[in-house]
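The same chain A turns up in both complexes below, where it pairs with chain B and then with chain C.
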Partner chain A sequence: MSLLQIDNLSIHFGGLVALDGVSFEVEAGTIMGLIGPNGAGKTTVFNCITRVYHPNEGSIQFEGQELLRLPPHEIIRAGTARTFQNLELFSSMTVLENLLVGQHSSFHANPAEAAFSMPRSRAEERLGVERTNEILNFLRLEDYRDVMVSGLPFGTKKRVELARAMVSRPRLLLLDEPANGLSRGEVKVLIELVRSLRDQLGVTILLVEHHMGLVMAVSDRVTVLNFGRKIAEGTPSEVQRDPAVIEAYLGDTGA
Partner chain B sequence: MEEFAQQVVTGVSIGSIYAIIALAIVLIYRSTSVVNFAQGEMAMFTTFITWSFLLRMDFWPAFLLTIVVAFFIGAALEIVVMRPVERAPHLNSIVVTLGLLAIFNSVALWRYGPLQKPFPDPDNWCIGDSCLEIFQGDAFTAGAVTISRLNVGILFVALMIMVALFLMFNYTKLGLAMRATALNPVASQLVGINVSRMLALGWGLAAAVGAVAGVMTASSLNLSIDMMAGILIFGFAGAVLGGLDSPGGAIIGGLSVGVFQVLAGNYIDSQIDLMAAFAIIFIVLVIRPTGLFGRRLVRRV
Partner chain C sequence: MIGWVLLGLFLLFFPYLHTWPAASSFLDSVDNTTGLGIGGTFGVFQMTTLGVWLVILTGLNILTGYSGQISLGHGAFVAAGAYITAILLDQTATPLVVAILAAAIGTAAIGFAIGIPSLRLTGPYLAIATLAIIVSMPQFLKWDKVSEWTKGSTGIDLPSADVPTFLGLDRFMDDSQWLYYSVMVPAVIMTVLAWNLTRSRIGRAFIALRDSEIGAQQMGVNVSLYKTLAFAISALYAGVGGGLFAYTQDFVSPDSFGIFQSIEFLVVIVIGGLASTLGSVLAAIFFVYQDGVVLRLAELIGFPERLRWAFFGVGLILIMIVAPNGVAGLVQRLKTLRPATVLEMLRQARPSAMISRLRNHPLAERLGLGRRDEHDPGDEES
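Let's look at the complex of A and B:
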């Protein structure tokens, strides 16, 4: 049984077919790359998994649970978290506050329990602080803890968003173009970071990315979409040799 | 000089009611970007509810019960009336609030009639025999400046609301979730916040805060159908002055509008106070569109 199993996923917006019967699986403990030319439907897959969009057809099973039956705010409780292509942070909050909001789903004590610092609230608070510090250290954000997010450089903001996703202890992490806007040096660091997220924090990763160097370096398997359809799947080297993939990226060569 | 000081004190005490209603407007605006034009009429309506409670119980129990009832009315309005137009352009929502204004006004007229109703001053706060005498008793005086106990009480209530909201927004999980929802609904949903519930809570809180403004207004004037009409305009001016998304700004804005109104009424002409409110809205929107404490939105394009 795969950790994430997407079956026959289809969604159209009016006459535009954004996804057309897409199916693939992600095994626990692996990194899956999801690539394709612009408009291929990669981010749409993410938006279906996190329930921003509701697909017309298909199913998304996570650990055997049907995600499409959950309301959007319950998705994170199921054990998935994501980042966004264009950063969706709480910009007039500090880094720490962003991480606290990120743990919203892990706190169960009600306001009264919190106000009187009852045992459940205290235990959760201790766990929350531990996790926050662990993630801040892991992503080298300790120095920015009390800094307002809006003033941080772009690359740091991307790490804050990653940290916010990680504090909820997800088992599946969806990364939407993590290399977008980063310098060459930063991408090198990112490659190590993505690997260590899997190896040290044990999270399974589904990665949408245009930066081929990154995708090919970290992915165990790669799924390729074009015009809303899956055209190839395999290991990075298999995919790179696939004629359908080459055609999708380079256009019909007439050969 | 003493006359001026007296004018300022009077302005602050009038302004404290504007500040409360401005706060209610801001609570809804910052989480939904909708200006609730029905805020004043909702406050008037809930004050009539207080009045019917007062026939059966003392002032403070009636007051607290009203706040609870108002909270549920506000939350219900968001769920039943505002939610269906949530995804439409904001203009639709604003038109709906204008409809609510008309509805509350007519229902109040139908149920309670056009006549003014006498409304008692709030009782002093007593625990056993010791009382905090800030609502009833002789006016406070300092030199030639006087301020009535009732006005001190209203100012005190406004400050208490502000402190309570400040603590809630900054030190509770619920407050953090509400701030997050106001800043970024998409990301909030993703981290597991029930955004719809937060919006309903926001409306409930605003209605509860508005209810306080209504009761305080009725205490200082009398209870009538049209008592909140002018106050909504001044409260709105205060909210715009403070920056529509800043609760602290709403308080300062509301107080400033009160002072400005009294000074203009005294030193220019007593008939121009309403015009003064519009002048403030106009000048602020021209010179500093985000208000004194509003946050400037910069979008990457």
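Let's look at the complex of A and C:
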């Protein structure tokens, strides 16, 4: 059984059909690329998985659990975490504080325990800082730990967001255009990074990306969407040869 | 560490300072030059009211500074706490501590209840809704159905707070000193609790909500729960503050809590510093002592006292431009400030830059007067 199983997912906004019966599966320990021309519905799939949108039809099973039955803030507790196409960092906080919020769902101290600084609150706080240090070291961000996020360069912010997603120890990582706005050199580093996340931390990755170089280099399988429908799925080389994909990207509606 | 000990000793012995001749004449001379009002029994009473406002403003800062929800009607929560306490003290034989705890719980429940419909409102709309609450509050208190308890527009007169005779306490302190301690002890405790809370997962969740609601939600923060929780906690503080207010003033009436007072709350926490415990403390100091100082200033430079609000407005705008994080933010920045940065700031002091900073201020943004920009005012920390 697959880690993530998306079945017949459909959503429309008024008369616009954004997703039309999309189905695909992501096997545990693999990297799945989700591509398609602008407006194909890639980010919409993401927003359905993370419950930002509520699909009209379909099911999203993660480890056998139906995600569509959970409220949005429970999705991370199920074992997934995401980054955003346009950063959604907490800009008035430091990197450390951002990563502590990333662990919000792992901890349980209630307001009274927090206000009286009771043992559970303090223990969780210590554990949170420890886990933050680990992931910051892994992503080579340790120098920025106590820096205010708002002052960081764009590329670093993107890595901080990745760290914030990873610190909750997800089994499925959803990356929404991680290469967006990065330089050529930074993309090279990102390719290594995405691989190492899977190889060393064992996380399964679903990747939405425009940058073909990145997708083809890291993905085990690629799913292609166009106008809200799945038009192809396979290994990177299979997909690149697929006539439907070539038409979607080069035909009169694409590119 | 030594600073905390000194502050503790100061707060502990302040009510006795004016009984010591040397210190007393020093305090009086300070009062004469600055108009502060820290000497004599009056000075003790002012410090007592500082404790009351500290609790109230700390609560408002949790709501507005941390969770980013603007309330222009915070005085309504204070009134609820004050009335619950006053009714219990006036019409039942409830001990003070129990009455204030009842006010805390009752007001928190009201805050929670008001927080739920507020979930549908953000920014300027929430500000207007909370304004409606404070506008309607006096009418509610004068309503026939409740006036049996609230005493309508006459208000509730309480017996003045005398120092109790048990343990021979009355041999060590007079009434004003007793009042000071019965306010300052809960005020300090509430401030420490707020300080802990705001630096915990709860406080961070509030800031996360304010900075990026979608980001917070996806990190597992239950947005509706935390927004109403901020309302409840903030109302709890207002309830305790209101209870202490009733106890120190011996009197509450519908006119004790006006619209302007609620707006003033918001103004002073912006001046003190949003999302900062130090900011709340500075806000309370400002709230209590600005009156005397402004009066004294008015005397010195000869402008009519009724221009006080103009002074307030100009002060607010200046603070929003020069110190978007309030005086507390300025204090933090002083530690790392270098002459080069000051020069750079002066060079950038063009009117257009000032207006843009004003529009980027979190308060302006939340009131719908500003604009969302890539660079938020926090940028200037770096």
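As a convention for this text, the second predicted complex is superposed on the first by the 234 of 255 C-alpha atoms of A that agree within 3 Å, B and C clash if a C-alpha of one lies under 4 Å from a C-alpha of the other, contacts with A are read in each partner's own complex, and residues count from 1 in each chain.
To be clear about the criterion, contacts are C-beta pairs under 8 Å (C-beta built on N, C-alpha and C of every residue); 3 or more make two chains touch, one makes a residue touch a chain.
Note that the structure is a prediction, hence the values are computed from the model and not measured.
Annotation for the three-chain superposition on chain A: chain B and chain C clash.
By the touch criterion stated above, A:148 is placed in contact with chain C alone, chain B being left untouched.
The partner of chain A that touches more of its residues, comparing chain B with chain C, is C. When the two complexes are overlaid on their common chain A, residue A:216 makes contact with neither chain B nor chain C.
Once chain A of one complex is fitted onto chain A of the other, the partner contacts of A:201 are absent, as it touches neither chain B nor chain C.
In the superposition on chain A, A:70 makes contact with neither chain B nor chain C.
Once the two complexes are overlaid on the shared chain, A:191 sits clear of chain B and of chain C alike. Look at A:107: by the touch rule set out above, it reaches both chain B and chain C.
In the overlay built on the shared chain, the residue A:125 is in contact with chain C alone; chain B does not reach it.
With chain A as the common frame, the single stretch of chain C that clashes into chain B is 93-101; none of the other options in 93-101, 327-335 or 345-353 do. 50, 52, 71-77, 82, 84, 88-93, 97, 100-102, 104-105, 107, 111, 114-115, 164, 168 are the residues of chain A that lie in the contact sets of both chain B and chain C, per the superposition on chain A.
Against chain A, the residues of chain C that register as touching in their complex are 193-194, 196-197, 200-205, 207-208, 210-212, 214-223, 229, 233, 275, 375-376, 378-379, 381-382.
Chain contact summary for the complex, chain B toward chain A: residues 172-174, 176-177, 179-180, 183-184, 186-195, 295, 300.
Residue ranges on chain A touching chain C, taken from their complex, read 50, 52, 71-77, 82, 84, 88-93, 97, 100-102, 104-105, 107, 109-111, 114-117, 121, 124-125, 128, 147-148, 150-151, 164, 168. Across the interface of their complex, chain B is touched by residues 50, 52, 71-77, 81-82, 84, 86, 88-93, 97, 100-105, 107, 111, 114-115, 164, 168 of chain A.
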